[in-house]
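Here come two complexes built around subunit A, the first alongside subunit B, the second alongside subunit C.
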Partner chain A sequence: MNQYLRYSIPLFVFAVIAAFLYKGLGMNPREIPSPLIGKSVPEFSLPTVEDAETIVKSDNLLGKVYLLNVWATWCVSCRAEHQTLVHLSRSGKVEIVGLNWKDDRDKALSWLNRLGDPYVINIFDKKGRTAIDLGVYGAPETFLVDSKGVIHYKHAGPISMELFNETLLPMIEDLKRKG
Partner chain B sequence: MRTFFLTLMFLLILPSSHASTLAEYTFDEPGKAEDFRTVTEEMRCLVCQNESLAGSNAELAVDLRNEIYDMMKAGRNKDEVIDFMVSRYGDFVLYRPPLKPSTYPIWFGPLIVFLIGGVVLFRILKRKSLTRETKLSTDEQHRLDDLLEQSTDPRDNNQ
Partner chain C sequence: MIPELGHFTLILALCLAITQAVVPLVGSYTRTISWMAASRSLAWGQFVFLAISLAILTYAFLGNDFSVIYVAQNGNTKLPDLYKISAVWGAHEGSLLLWACMLAAWSVAIAAFSRNLPLEMVSRVLSVMGMVSIGFLLFMLLTSNPFDRTFPAPFEGGELNPMLQDPGLAIHPPLLYMGYVGFSVAFAFAIAALMGGRLDGSWARWSRPWTTIAWVFLTLGIVLGSWWAYYELGWGGWWFWDPVENASFMPWLIGTALMHSLAVTEKRGAFKSWTVLLAISAFSLSLLGTFLVRSGVLTSVHSFAADPERGVFILMFLLVVIGGSLLLYTWRAPYISGGGRFDLVSRETFLLGNNLLLAVFAALVLLGTLAPLIYDALELGKISVGFPWFNRMFLLTTPFLALLMGVGALSHWKHAEPSLFVKQLRVAFIISLLFGLLSLLPVFSAGNWLVGLGMGLAMWVASSHLVNVRDRLKNKRGFAGFWLDFKTGGRSYYGMILAHLGVAVFIVGITLVSNFGREEDVRMSPGDVSEIAGYNFTFEGVTQVSGPNYNASRGRFQVSKDGEHVATLEPEKRAYFVKTMPMTEAAIDWGLTRDLYVSLGEPLGGGDWSLRLYYKPYVRWIWLGGFLMGLGGILAVTDRRYRTSRMRSAKTADTANAAPAVSGG
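Then we have the complex of A and B:
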């Protein structure tokens, strides 16, 4: 018996390593915990996509629960996500603020004309400086922000209806109830 | 054909060797360029996660390098730059993670594995030396002597 036990040690070690590697296969290395959860949206003062003269400040966004969606026309996943955003904005469940990241104004406008505009406000961050303050490292990224401007959740990658219904919507309703 | 492959190899090497030159970032103060290099080399590019900020050609890495350059030019020191980056991108940007409960496995894991290995090795060696020291019983010793007497080395016979 003891002998069997001894010979099963390598098998056991192998099983442990295999389990860790298998877990690693299913994990997303892009999912990096954001240090901004629980903190306020960084201060900014940027023009909108529609009009270079209209300036939006971070304070202008206070008073409502919204999704802050980082997007760009050069981003393929944003194209895939766009229909979901349009659908969400039509459903009226949440308002979506856009942060157009390192993009071209004309391209962005024609994208919105062609595919629909889900955004209540669309901020134009040409240099990507505000995106750096938000810790953005890819597009699309979406932040859930409460009425006091505090970030509650961050998702890197396109939003799906499943993610919205299962994760975001309960949080949104909770935040709206709290005011 | 060989020349073709050699050329191809050099062409493949070229972009990466170009990326690691930070020569375009110059500082008036002595030591600052060194600090800049250390900081950017110790930070991870978040787009291509296996490259440092110093070595990456990703657009975000270029932006972040410029941002860090501007900060250091404006007189901020290394620690302030690191705080700036960590407050936005988290500990993940650091190749050398800080020591805290969530990073204990990274820091102490290898040591623990090493200790386990040491204990196992020690026990195996101890058991081996114990078997070697085991005395033969009188019967066994007699049998051994007999066997040794009977046995003859074939090489001796051939002579």
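Then we have the complex of A and C:
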């Protein structure tokens, strides 16, 4: 019997993987309904990308509707998304706050210098602590936050102009009207 | 009417696949010769019907038949003919049809080239292939029929994803699939051998050429894909550890282990149950890759059609195929006899070491790929395993692999005399050490230990294999001696040497481009000059041009070094008419020692553009290395050994124990 046990290890490993895959089918990684929707942005106190001495707290962001964009220089999709973000910030339709995630400060700065900086504030989350609080699945991810700091929408993966115009913009205008 | 014919032949192929799965298998147990012999004609029949289906789908694309939904989604009247053809497998449904077609093609190849195999073995192998085929054909007919129609037919099609409109990508998926599907042959052989309880040297010898051919296809497919990503995505990267890439890399790693393990099983009869497990795993990972790509459980930059319905089907299919074969393994493996004994210091040990390293690396890649899913499912929070993690794992395993390669190829089977190969490898070791240390000098890398490690290892792999060749040719004279050796059964040996030298070339490429590559993102006005790694890029502005199905802004650059003109580069930014997505067409001046790479970013007004300039030293060596590995594989399968053994066993047709093959090296 013991010999069967030894040779059944691959079968058990596969069974575990299959169980995860089955569970995974029920989850959609692109539009994870964040448990945080309808709740406030978790509290944080972090430096900015530009300056380690300047500390931004979650309260500092109150009073405006903004997109919170999680990005990193090691993330390929972020690079694809970046042009869209620069375009959006130039259009003036919405302000974008960056959350630089598990990244290198110098790399992040040179990225912004070279590709353009769409962010009004760029928070530097070296350890990824705040990203965990936000339930970040992978970069890039974008949250829509209202003036009271409440999250209204979450998108995993790069945002496109199509998504912005069709989904985000109506919500943003609605939130701005409500004040 | 014609598309319905394609649908009909697909159904006929399914019927034949079911017959092919059942009849020969039953025949092999009841010893009914005619039932077993039917397997060959059934394989042919299935292939013919699937080829007709594929031809009809191609015809629908060429004739712009937009009443077929799949054609309407991916075809377009303005699409050049080449891309109309590659659009056939450019999306989900069609790529499955190609999969099924190739599976049938491999079955036909077995039917045609298996005259020396016992009929019982052939019928079981083809039966297993038939079972796999049933799964794919059912999947297609039930969830993803490429021949579904729509009325009224749209006037124009939605066009193939512009990213896929590229000659490299026209042949990348077929190569990759040939590799994926090719592992089904090794898998079928393993299952057939488990069923019959006949796991011996001849089983390994039959599987070897098939495995190597599949591995060659997969290698070339991955190389081509990486090259495509490099010039088409415009980020200058050549590997992204994306789930889709990992899906092809894992079977490659296990396939590599399998090739080496099969060699041990053939020559020494050892590692039998391990080899069988590898054969099952290589194909299982190919199927898992399909699941990951098609089901949408993971996010990926490739992001093809994702559909949970289809995911459920593939998962069920995985459970049957992988679960079933592992169950068979659990049941049968304990009765597999152990092989020949070997000492701690022997080629067997070194090959086992390399096998384990490859398997561990594949497991790590699998873990990294599934980690977001596992975390999410366990509600531990959501994580993303990025580039840095995979690179660290790569650095953790591959140096040991390279070290073992040098020793393994030189050592003897069963028992290697340590003092002997220490003597043989002493020179190679000293050269590599010096070479590694030399590359640490300030003029080269200023003490970057990764450069020293990479260069030292590359030199180690190269020099230890050259020592090996020198020893082999010790008693042969000059080139004529080598040629004679090459012709008379040395091909698999030289194939191995060439593939391993490919690894050395690959290591050089990856080391140099990772550590000395330069990239600049700059803003330039017409007339501006930017310098990168000693090259001056003069921007001459952007003009508008139009292609068959897109408009483009085309930039023009003059590149010079030390006042001498080097190249004129014309990168493009294309806007495709139908899918209005912008596409970057990078311009590359390639060379063996460096690539110069320019891609257009965004127009910034007033004729200014944001641009990316790259200097990529030795980047070609990465693909050159992969290409050499593939070439080595081709050389190995054309070895005389396989042909002679075929002739020899043809004389003693269908005897249970084929004569042992002449040993080449």
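The rule we apply is simple: the second predicted complex is superposed on the first by the 149 of 179 C-alpha atoms of A that agree within 3 Å, B and C clash if a C-alpha of one lies under 4 Å from a C-alpha of the other, contacts with A are read in each partner's own complex, and residues count from 1 in each chain.
The working rule: contacts are C-beta pairs under 8 Å (C-beta built on N, C-alpha and C of every residue); 3 or more make two chains touch, one makes a residue touch a chain.
Keep in mind that what you see is a predicted model, and the values were worked out from it rather than measured.
For subunit A, the partner touching the most residues, choosing from subunit B and subunit C, is C. Once the two complexes are laid over each other on the shared chain, residue contacts for A:135 go to subunit B and to subunit C alike.
Once the two complexes are overlaid on the shared chain, A:157 sits against subunit C while remaining clear of subunit B. In the superposed pair of complexes, A:36 makes contact with subunit B only, with no contact to subunit C. In the superposed model, A:11 lies in contact with subunit C only, and not with subunit B. Of the two partner chains placed around the shared chain by superposition, neither subunit B nor subunit C is touched by A:47.
With both structures placed on the common chain, the touch criterion links A:149 to neither subunit B nor subunit C.
Note: residues 29, 32, 102, 132, 135, 137-138 of subunit A belong to the subunit B contact set and to the subunit C contact set alike, using the contact criterion stated above. Considering their complex, residues 235, 237, 240, 242, 273, 277, 280-281, 284, 288, 291, 295-299, 301, 303, 306, 308, 311-312, 315, 318-319, 322-323, 326-327, 329-331, 333-334, 370, 372-374, 376-377, 381-384, 386-388, 520-522, 601-602, 610 of subunit C touch subunit A.
The residues of subunit A lying in touch with subunit B in their complex are 29, 32-36, 102, 127-129, 132-135, 137-138.
Of all residues in subunit B, those touching subunit A in their complex are 46-47, 49, 59-60, 63-64, 67, 86-90, 92.
Taken together, the subunit A residues at the contact with subunit C in this complex read 3-4, 6-8, 10-11, 14-15, 17-18, 20-30, 32, 72, 74-77, 79-80, 83, 86-87, 102, 111, 113-116, 132, 135-139, 156-157.
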